[in-house]
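To start, I am sharing the structure in question, which I have written as structure tokens.
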Amino acid sequence: MKYKRLKEYFEENDKFAKKNDIKLLEVEEGYAKTAVRINDGYLNTAGVVHGGAIFTLADVAFAAASNSHGSLALAINVSISFLRAARSGTLYATAREIDRNKKLASYRVDVTDEKDRIIAIFQGMVYIKTGTMR
Amino acid sequence: MKYKRLKEYFEENDKFAKKNDIKLLEVEEGYAKTAVRINDGYLNTAGVVHGGAIFTLADVAFAAASNSHGSLALAINVSISFLRAARSGTLYATAREIDRNKKLASYRVDVTDEKDRIIAIFQGMVYIKTGTMR
Amino acid sequence: MKYKRLKEYFEENDKFAKKNDIKLLEVEEGYAKTAVRINDGYLNTAGVVHGGAIFTLADVAFAAASNSHGSLALAINVSISFLRAARSGTLYATAREIDRNKKLASYRVDVTDEKDRIIAIFQGMVYIKTGTMR
Amino acid sequence: MKYKRLKEYFEENDKFAKKNDIKLLEVEEGYAKTAVRINDGYLNTAGVVHGGAIFTLADVAFAAASNSHGSLALAINVSISFLRAARSGTLYATAREIDRNKKLASYRVDVTDEKDRIIAIFQGMVYIKTGTMR
């Protein structure tokens, strides 16, 4: 129930995700999955999906997973490796919590395509504020 | 002259930058500067500028600087640290080449606000393809 | 058999690992595991295991896994997050290949303690030279 | 005066730096410089300076710079890019503070050789504990 609320909260309030049609498919404690359907608007000058689009897809999953406990979590650091170019179809990002203490938490995110090939890997850390998210 | 062409090439062909109103202000050899004017569409659920928007702004500067030599350069790795939340105004990203050999090149990008405060720092590497960009 | 040779090759030729008593426990295709027994010589000024020691432990596993295919692989980029301080006992690093093409390959490494708690997570990329390693 | 004390404190208490003959040359507010003289004990299986040795050199500069304000600062995240192989001579690492707030601070570190060529670039973040360092 509370994850359903969190999903709706993201759908409503993550304006940059909304602007770029990134969907939050699932969110549970320490876990989230996003998707985006690629069209020409997501490409870069090389004709492949833009690093910024791939990062944003992963970042929304990371944000949902890291805020899934109810406290406000702010991204402080992310490393992303781009492993394979994507051109079309739907891309997915799956975020999983690796560790969490009172002030810091870490996540790994995999970005995959429809054939489950790895497009990018992402490792991110958040700082947890004492207030609640909503 | 050739940098003017590169700037126009990016403006025309970087579709994700165009979709998100990211402007390429300057590009020279091993250097580029981008800007974006923030409005509500760039915010995340915490009401501050989305990590994906900040990354994309920096990534476009990184792409322009790394493609400024004429060979096609593809991002393979980026690390970004988010130092300060931004809420409004114009954000800038400035990319500078640190090193470049035949196959790999490295860049540092600073994201700053209108008061020249650092919003994010970014370190990125590209793989250089043998073909030319255009 | 060839992995036994690779293990011996590392034990003989990785001088910095030898100097710091890092053991290569296992190496297989795209996989390696290392260990180090902590004593006072591995600590930093805060009295916990030095980031340099944790990185080196992970880096040796990463090097063995990325060189396990027989071609010379050179580290070009690594991101490491330190999740929990360690003070004593044995630390382990386990490197797993995520993706590999002709020129680039990516690995994730977990550093854990004797109780299997995560001490650090590491994401690294190598550039593959055309020559062979040995 | 207090930086002289900090320098001596590091020389005495950074056991892993001492074990690997890493010297802290300078430390000031938000700044530090380290050096190491390369010999065969620092090499990896490819016959070049080990990533772990380069990381450790940079990490000690990062630790000194981030602890220079008197509060205990713990590394939470580092990204390092290896730009050029080094084989001999002395290597230097110079850490500079980019930003610092009450709980988090960020640094960039350059690793250079005797000819001032860039060997590696490093971007790191610390978490600041409320207690003092000494």
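Going by the order they are written in, the chains are A, B, C and D; count residues from 1 in each one.
Please note the rule applied: a residue touches a chain if its C-beta (ideal position, glycine included) is under 8 Å from a C-beta of that chain, and two chains touch if they have at least 3 such contacts.
Quick caveat: nothing in here was measured; it's all calculated off a predicted structure.
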Measuring centre to centre, with centres taken as mean CA positions, what chain is farthest from subunit D? A
Of C-D and B-C, the pair with more C-beta contacts is C-D
Whole-Å gap separating subunit A and subunit C, where each centre is the average of the chain's CA atoms: 28
Taking each chain's centre as its mean C-alpha position, how far apart are subunit C and subunit D in Å? 20
Roughly how far is subunit B from subunit C, going centre to centre by Cα mean, in whole Å? 32
Residue ranges of subunit D touching at least 2 other chains are 76-77, 79, 81, 104, 125
Okay, in this complex, where on subunit D does subunit C touch? 9-10, 13-20, 40-46, 50-53, 55-56, 59-60, 63, 67, 72, 74-82, 85, 133
Hey, which residues of subunit B end up touching subunit C in the complex? 76-77, 79, 103-104, 125, 127
Which residues, counting only subunit C, touch subunit A once they are in their complex? 77, 79, 81, 83-84, 98-99, 101, 104, 106, 108, 118, 121, 123, 125
